[in-house]
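Both complexes below contain chain A, partnered by chain B and then by chain C.
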Partner chain A sequence: MTKRGLYKLLALLFSFALIAAACGGGDDDTSAETGTETTEAAAPDDTEPPDDTAPDEVETEIAVDPDARVYGGTVTVGLEAEATGLRPWEDTCASPCMNMAITVFDKLFEIDSGFIPQPYLAESVTVNDDFTEYVVTLRSGVVFHNGVELTAQTIADMFPIQQAGAQSAGAVTSSNLADVQATGDLEVTYTLSMPNSAFLAFLTQAELGFVFEPGAAAADPDGFTFAPVGTGPFVIESRDLDNETVMVRNNDYWRTDADGMQLPYLDSIAFRPIPDEGTRLDSLLSGTVNAMQSLRQATIRDARGERDGGADITLLEFQGNNVGGGMFNVALPPFDDVRVRRGLVQLNNQEQVIEALGGTGISLPGTQWFSPDSPWWSQKVADAYPKFDFDAGVATLQEYVDDPARSDGKAVGEPIDVELSCPPDPTLIAGMAVIQQVWDASGLVNTTLTNFDQQTHIANALGAPPDFVGIHQAHCWRFSSDNDPSLDLNPALAPPSPAIAEAAGIPGVVSPINFSNWFDPEAFTAAVAAIRTDNFEERYALYETIGLRMAEEVPIWFSGHTATMIGVESNIKGVNGWILPSGELGGGFPGAEGRWAEVWVVPE
Partner chain B sequence: MFQAVAIRIARLVATLFVVSLLTFMMTALLPGDPVNAILPPTAPRDQATIDRVRDELGLDDPLPIRYINWAADALRGDLGKSYVTNQTISDTIKDRVPVTAQLAFMAVFIAVIMAVPLGILGAYREGRWQDTSSSAAMQVMLSVPNFVTGIFLIWLFAVKLNWLPSANWSRISDGLVANLKTSILPATALATTQIAIFSRLVRSDMIATLKENYILSARAKGLKDRFILFRHALRPSSLSLVTIIGINFGALLGGTVIIETLFAIPGLGFRLINAISSRDFLAIQGITVFIAFVYVLINALVDILYLVIDPRIRKG
Partner chain C sequence: MTATESPDASTNYPSDSLTRVSTAEPPRGGGPPKRSSVFEVFKEMPLLVKFAAIWLVLVFFGAIYAKLDTVVFGGALPLQDPNLQTNNFNAATGTFGDGAPSEGPSLAHWLGTDAVARDTFARVVHGAWVSLIIAAVAAVFGVVVGGLIGTFVGYVRGVADSIIMSIIDVILAFPALILLLAMVSILRVRSLLVISLVIGFLSIPAYTRVARANSLSISNREFVTAARAIGTKDRTILFREVVPNVLPTLMAFALVSAAFVIVVEGSLSFLGLSVQLPTATWGNMINQARRDLRQDIWQVIWPSLALTFTVLSLNQVGDFLVKRSSVRASSL
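So, the complex of A and B:
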C-alpha cells in the first residue's frame, strides 16, 4: 500500500474513531494545547532568508523524445475544470481550456523553449523601426476544418469580431492594436496606435493569436462554442459539457514532424473535467484517464509519492514565472501606508506558507514577478524584497500603530484590522491560517479570514466604475506568467482610475485590472519604455527598476512560484518536446498546457 | 378528498413561491456587481459596456420587478440563458436531470436492497450480536459523510482493484454496462446514509409488527420464521419505508451535489457547483428552484398518496 493509500484508509478509520469519540466522553484540554502548539509552531525565530535557487527536481527538462513515433490510439486527458466556451474572442480560456483549444486552433505565433514568439501559422514577420507596424506573411495551403482556405482576408475578417469580443477587446486595447488589413493574399498588416515591441507576444495568446474561421463565427456565434472551427490538428467530434469532449484527427492538417510524418499521430483525444484533485490523480492511476493536469503543489507531491511508490506514470513538472501570494489594496487605509504593507510582508513566514500549501521541495519561494529560471529575474530585486523577519516586521508596524496621524483613524496603540481573503481552496486556507497566526502573533494585527468563490473574489478586487477601487484589503492572488513581461505588468501598473490618470498627466490611460490600485509614476514610465525597445539589456534594466520599486513599496507579497504538472501514463510520449515548424524546440508545457499534436502512444 | 388535495396543491404553490423568492433574493443580494462576474476581468469596462450588460439582464429594475419578470418567464419554461455555458437553463436541466435522477434512483435501489435484509435481521435477532453489530455499522454509515465513502470507494475499486472507473459518466446510450460501470460507485456512495436510515426504520417497524397478535398466531400455527418474516411481517412494516423513500428521494437530489462533483458526473449538482463558483446567477436560480420543485412535488405526491391509502387522514 502506498503512503497516499494508507492516508485514505487512515482517514476512513479516523472518521470511525471520531464517531466513537463523539459517543464517548471528551477531554477539553486538547483544543487549548493544540492552539498553543500551533502558535508556537508559527512563532518566528528563524530569520534566514528563503533560498530561491531552483532545486534540480522542480522542473522537467524539455527535450524531444527519441523513441519511434507511432500512429493511432486515443488519449484521454483529465482537466481541472471544464472549458466553458471555445470562442477565442469571447470566452475566458484558462489552463484547462487551453489544452482543448490548442487541439482545434493554431496560433499565428508560438513560444519557443526560451519563451520567444516564433512563427507558427505565420511564416514570417517584418516590423518597422518604431514598432507600430507588423507585416505578417501566412503559410499557404492551410485550410480550416470546414474546408475554407486560410488567407490574409481571414485574419482581417477576424478583427471586427475580436474588437467586439469580451476577451479579445481587452487584448486589442492592451496591445495598442488599431487596425488589421489584408495587404496581399497571404500578407496581413497589423497597425498599432502606439509603439509596442512586444506585440508578437499577443499573437501567441488565445485572444489575438488563435485563428478561427470568421465566417462560421459570424454565422452562429453561440453555436461556435460547441462546434469551433479552426485549422488545428484535431476536429471536434462531440461535446458533452462537464463530461467529455472528443476530438478526432484532422486528416488535412498542414503540419508534418521533423521527419516529414503527417501530424497528428493520435486518432483521437478526449478531455474530461475532473475538478477534484484527488479523483483526477486516482483517475490517472486507475487508467480512467491516460493523462492529467494539475496546478496544485499538493497534487504534485501526491503524484510524486505514487510514482516513487511504483505507479507507472511520468510526471512533467514546470516551474514558471506564475507566482502566488497576495496584494494590498493601497487605496484603502491602513494599506495606503507603506509601513503597514512592509511590516505585514516582513511578517510573512514564506517557508511555512509554502509548506502549508503543500509546496515544500516543489515550489520556489518568490521574491519578484519572475522565477529564478527566467531571463528577467534580478538578484538586486531578490535582495531588496523584504524577507521574513518577525522583529523587523513588528518594529515597522509599531511605527505606524504609534503614529498619531495613522491613516486608519484609530487611536495610537490600537492594532490594525486586516481582512485576508482567498478563494475557498483547502490548501489556500491552510496557507492563510499560517499568515494569520504570524500577523496576529505580533499583537499589532487583528486578522479576519474570509473566503469567496473565485468570481466574487475577483469582483471584490475589481470594484466598479468610475474608480475601480474594489472592496478587498489583503487579497490572495497569482501574478505573472511566461509571456512577455509587458502583457501582465503594463496593465498592473497603469493608473487604476480616471482621477489618478488625470493627476498623473495621462488622462484616459486607465487600467481597471490594476487590482492593487498601486500607481507609481517611475514604475509605469519604465513599463511604457520597455515596449518601445526590443533591446534585451535595455528592457531588463527597465523591468529591474520596476522590481525594485515593487520591493520598496510592496503593493504585493509573494509566497511561492506555482508549480504545475502534466502526468501521463508511461507509454504516452511527446508531451515533453514538441517542435515548431522551423524545427526548433517549442515551449514545453507551461501552466500544465499540453500541445497534443505531437503526442503518441507506445503500444503495450 | 378533492378539498384535501386542493389544500396540498395550494401548499405546494406557496412553498415554491417562497423558495423561488428566497433563491432569487439570495443571489440578487450577493455582494458585488453581477456585471463584474459576467464580463471577464480583461474586458473593456467603460460605462456604456456596463450599462449595456445591465440593461440586457434587467439589473437596473427594482428587485420586485426583476423577480416578477423572472418568475413570469420561469412559468413559461424560460429560465434564462447561462452567460457561462451559453446554454439555456431549461436545456441544461433537461440534459442533466436524467443523470441525477438515475443516480438518485440507483442509490435508493441499492439502499433498499441492502437495508431491508439488515433491518429484518436486526428485528429478528433483536438484542443479540447480529442486531448490535448491524446497529453499530449503521451508526457508522449514518455518521460518515458521503464524500468520504466516495473517496474510499474510488481508492479501493478504481485504484487498487482496477475494477471500475474513478470518474465521469457513460450515458445509457453508450451501453448499459458502460453506464453501470460509471454509476455504481457514486450511487453506492450516495446510498450509504440511506442504507442506515432505511434499515433502522425497517428494524423498528418490524420489531413492532413481530409483537402483533397475528404474528403470534402464525407462529402458533408452526409457520416457518422466514415465511412469517417475509410474507406476514414485511409488508405492514414497509409503509414507513415507502414514505421515507419518497421524502428522501428529494433530499438525494440535493445530496448529489457533492458526489457528482467528486466523481465528475455531469448532473444537476455538478452544474450547480460550477454555477456557484462562476456566479452564474441565472443557472443558480433555475437549478435551485427546479430541485426545490421536485422535492416539494414528491412530498406533495406522498401526502396525496396518504389520502388515498388512509381514509383516517382524509377525514381528519
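So, the complex of A and C:
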C-alpha cells in the first residue's frame, strides 16, 4: 500500500470512529458565536497551578512590542528542516513548514493568546444548536496573489481538493465535515455529519484552515508547491529546495496594523533549512541568519548561555501542552497487564530523564496531557499520576512476576522483557539510557534498546490492517498540543481495532491512530461527550475524567513538556505579540511557529 | 623484457617452480628469495608508519581486552562498565547523585564522562571492538568473495567477465551509504554480526575490481602463458599461479579498505543506525555527544581522535604495504 493510500485508509477508518462516537449520545444545546467573544471560560477556581515548577522554566510573556514600527529590511530565518511541500491539502506541515506557509497563506481562524479560535480571514461565525452547521462570513476585499478575489465560492471550491488531499482528507473526516457550500457571496456553510463543538479548531490548522487559490491548485497541483498562491502577507519569489526560499512583500495585502499601517513591514523574508541545531544557533550568532527556530531543550540551554554571555539576541521561549514520554502497547503482553505498566512508570526516574534530555530548568515534568499553564490542567490528575517511587515500582512489578497466571507466559520469578524504542536522536538516546538503567536495576526487567528512523518508528506503532496492533512495546512518543484537546485526544481514545470495537458494542468505530491500543469505555465516552458541548466546565470535567483514567491505567508515561524557542537578533521586533484583525492579542509562537507579517527590523 | 623478467619464466619448467618464483621476494644480488618477518617489515617502515602500526596494535589489543573483560571475566578486569551511568547511581533506590552527569578527566575517569555519566575511556576502548570486527568481517568478505570473483573473471574474461563486472559496476554506482541504510532498515536486526555482514557485502565490489585488475595483469605474464602452454588446467593455474599473486595486493588493499569501512560504520552509527544501543561505537559516541558540544567538546573529540588515528594509521600502513607489494609484483 502506498503512503498516500495508507493515509486515506486511516482517515476513512477514523471517520467511522468519529461517526460512531458521535452517535453515542449527548444532548447539549449550547450555541456559540465567536468573534471577539470566546466560547471558553477560565479554568474552574478549584484548579491550582503547581508550585513545583522548574526554577528557570520557559516563561516568555506574550506582549505587543511598544517600539515604533519601521518599514523595510529583510529577515532570514533558519529552520530545523525544509518544508516537505507548501500544498496545505497534500503536504505534511510541521513547524518549519508552518513558518514558511504562514507567510503565503492566511487561515480562516487563528488562535488567540488563550489558544481559542478567533476569526482571521473569516469575519464572523455562527453555529447551530447541535454543532452540525457552522456559517462563516468572510472578509471582503481580500485578493489572492494572482489577483483572484476571495469569495465564498473559493472556499467551496477548495473542498473537493481537501477531500482528496493526502493530509486534509484525514482532517475532513475526523472533523466530521460533510459538505461546504457557498450560501452567499461571502457566506460559507460548513455542514458536519455529526456534532463537533470543536470544529473551529480545525479551521486554525494547516489542513483545513489555510486558504489557497483553488484555480491555481487545480491547474498545476504539483507545481503549486513551488508557486503557492494564497492571500498571505508575502508572495513567493524563489524556492530553491534545501537551500533558500525567498518571499517578498505582498503590496495588496488586506491587513493593516492597529495604527492603520499597511502590513507587512518587511520587504522580504527568506527561509533556510539548517538541520543541525548547533550550526543553526551559530548561524544566528554569526549573522548568517537573523532568526532561528528550535524545538530542542539543549539548544535553548545553549542559546541562553550565549545570550547570558553577551550575544545580542532575544530568545522567545514557549512551553505548551506538547509533552514527551512514551506509550505501552497494551495489546501485547506483558503490557496488557496494568501492573507492568504502572510498575514501569513508577520506576521512571522522571527528574533524571529530564536531566538527560537537557531539560533541567527548562522543561516542566509532565503528569498529564496538559501543561500546568493550560486551562485544562488538573491537580487531581497530577496527584493521581504515578510518580517515581522505586520501591513501589519493584513491588508492583514483583506482583506480576510472581503471578503464575502472568500474561507473558514466562515462569514465575523470571524478569519481564521490554523493548524500549526511540528515534535515533541524541537527546532521546540519553533519556533511554537513564530509563534502561533504572528499570534494569529493579532486577525484574530486561530492557533492550532499539532505534529506528522516524518513519519506521511511526510505522512500528501503527501496525497493519485490520487490527493495527503494531509491533512496538515501550515506545517513545509525543502527545498533545495547544489546540483543542479533542483534536489529539479523541483519536487516541477510540477503539484501535475492529475486534475491540465489536467487543465494546460499537462495531465499525476504529481509530488506527490509537497507537497504544488502549481502549477504555469510560474515557472514550467522555471524549465523545466533550465534542458535544462547548461549555468549558463540562468539558473540563470530562477531560479530567479522561486524565484520571489514564493515570489509573497508565497506557502512556510522561517525561517533560516540550520547550520551543524562536531566537532573533535583538533589533528584530514583533515576533512576540502579534495581533488578530479584531485587535486582540494573538497566540504568540507555540511550537516555534512565528507569524512574520508583523515583524520589523529596527535600523542599526 | 623488463629488468625483473627472469629467463626462467620463458622456459618450460614445472608450474610448481614458477609459482615459487612468482610469490617470492624478487631475487636481489642473485640470492634466494625469502619471506620477511613481521619484525623485518616493521623495521622497513618509515617513522610515521611505525607509529601508525603501534596505534593499530594498541587498538587491536584494547578491543580484545575489552571484549574479554565483558565476556570472559564478567567485568572483573580493570576497565569500567561502558554502559553504567556512574553519577552515584544507587541501584537499590534507582536514584542518581546530585551534580552534572558530565565530568572532566580525572583519575576515576581518564577521559571524563558523557552526558549520562558513562566512562568515556571505557566506551572508546569498547568502541574499538565494533570497528575491529566490522573491518575484519568486511576484509574477509572482500578478500574471499570479491577477491575470488575478481580473480576469476580477470582470468577467464569473456562473457562471464562482462556480466559479472556489469553487476559489480551497478552495485558500485549505487551510493554505498544509501544502500546500507536501506539494508539495515529492511533487516531491522542491528546485531554486530548483521551490520558486519551488510558492510562486508558492500565491500565486495571494490575488492572485485582490484582483484580483476591484478588478475588481468598476471594472466598475461609469461609464467601463466607457460603454464597454459604445458597444458596445465585453468583451475590449477587460477589457484596456483594467479590467486597467490593477487592475494598480497588484496591484503594490502584490505587495510586501506578497512579505514573506509570504519568510517562507513561511523557514519551509520552517527545516524543512529548501526549496532544496537547501548553498545558503544565511536560513531554513536560522536553522535550522542554533539548535542552537548558547547558544554563539553571533549566528549566529541575523544572518539573522533580514536577514529581519526585509526583511519589514518590504516591508510599509512596500508599504503606502505601496497607500495611494498607493488614492488614485489613488478618484479615478477
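Note that in this section the second predicted complex is superposed on the first by the 548 of 604 C-alpha atoms of A that agree within 3 Å, B and C clash if a C-alpha of one lies under 4 Å from a C-alpha of the other, contacts with A are read in each partner's own complex, and residues count from 1 in each chain.
As a working rule, a contact is a pair of C-beta atoms (placed from the backbone, for glycine too) under 8 Å apart; a residue touches a chain by one contact, two chains touch by 3 or more.
Note that this is a predicted model, so its numbers are computed, not measured.
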Three-chain arrangement built on chain A, chain B and chain C clash or fit: clash
Partner chain in contact with A:L241 - chain B first, chain C second, else both or neither: first
Contacts of A:S582 with chain B and chain C, given as first, second, both or neither: neither
Partner chain(s) touched by A:S140 [first = chain B, second = chain C, both, neither]: neither
Touched partner set for A:T456, first chain B, second chain C, both or neither: both
First, second, both or neither for A:L285, with chain B first and chain C second: first
Chain A: partner with more touched residues, chain B or chain C: B
Touched partner set for A:E277, first chain B, second chain C, both or neither: second
Contacts of A:V434 with chain B and chain C, given as first, second, both or neither: second
Which of chain B and chain C A:A298 touches, first, second, both or neither: second
On chain A, the residue positions that both chain B and chain C contact, one per complex: 278, 452-453, 456
Contacting residues of chain B [partner chain A, same complex]: 30-33, 36-37, 39-47, 50, 84-87, 95, 139-140, 143-145, 148, 151-152, 154-155, 158-160, 162, 165-169, 171, 261-266, 270-271, 273-274, 276-279
Of chain C, residues touching chain A in the complex: 83-85, 89, 91-96, 101, 115-116, 118, 185, 188, 190, 271-273, 276-278, 284, 287-295
Touching residues (chain side chain A, partner chain C) in the complex: 277-278, 296, 298, 302, 305, 347, 349, 352, 355-356, 358, 388, 390-391, 393, 423-427, 429-430, 432-434, 436-438, 441-442, 448-453, 456
Sites on chain A touched by chain B in the complex: 5, 8-9, 11-12, 15-16, 18-19, 22, 78, 81-82, 84-85, 92, 166-167, 169-171, 173-174, 207, 222, 225, 240-244, 272-276, 278-280, 282-283, 285-289, 452-456, 458-460, 462, 464-466, 468, 471, 491, 512-513
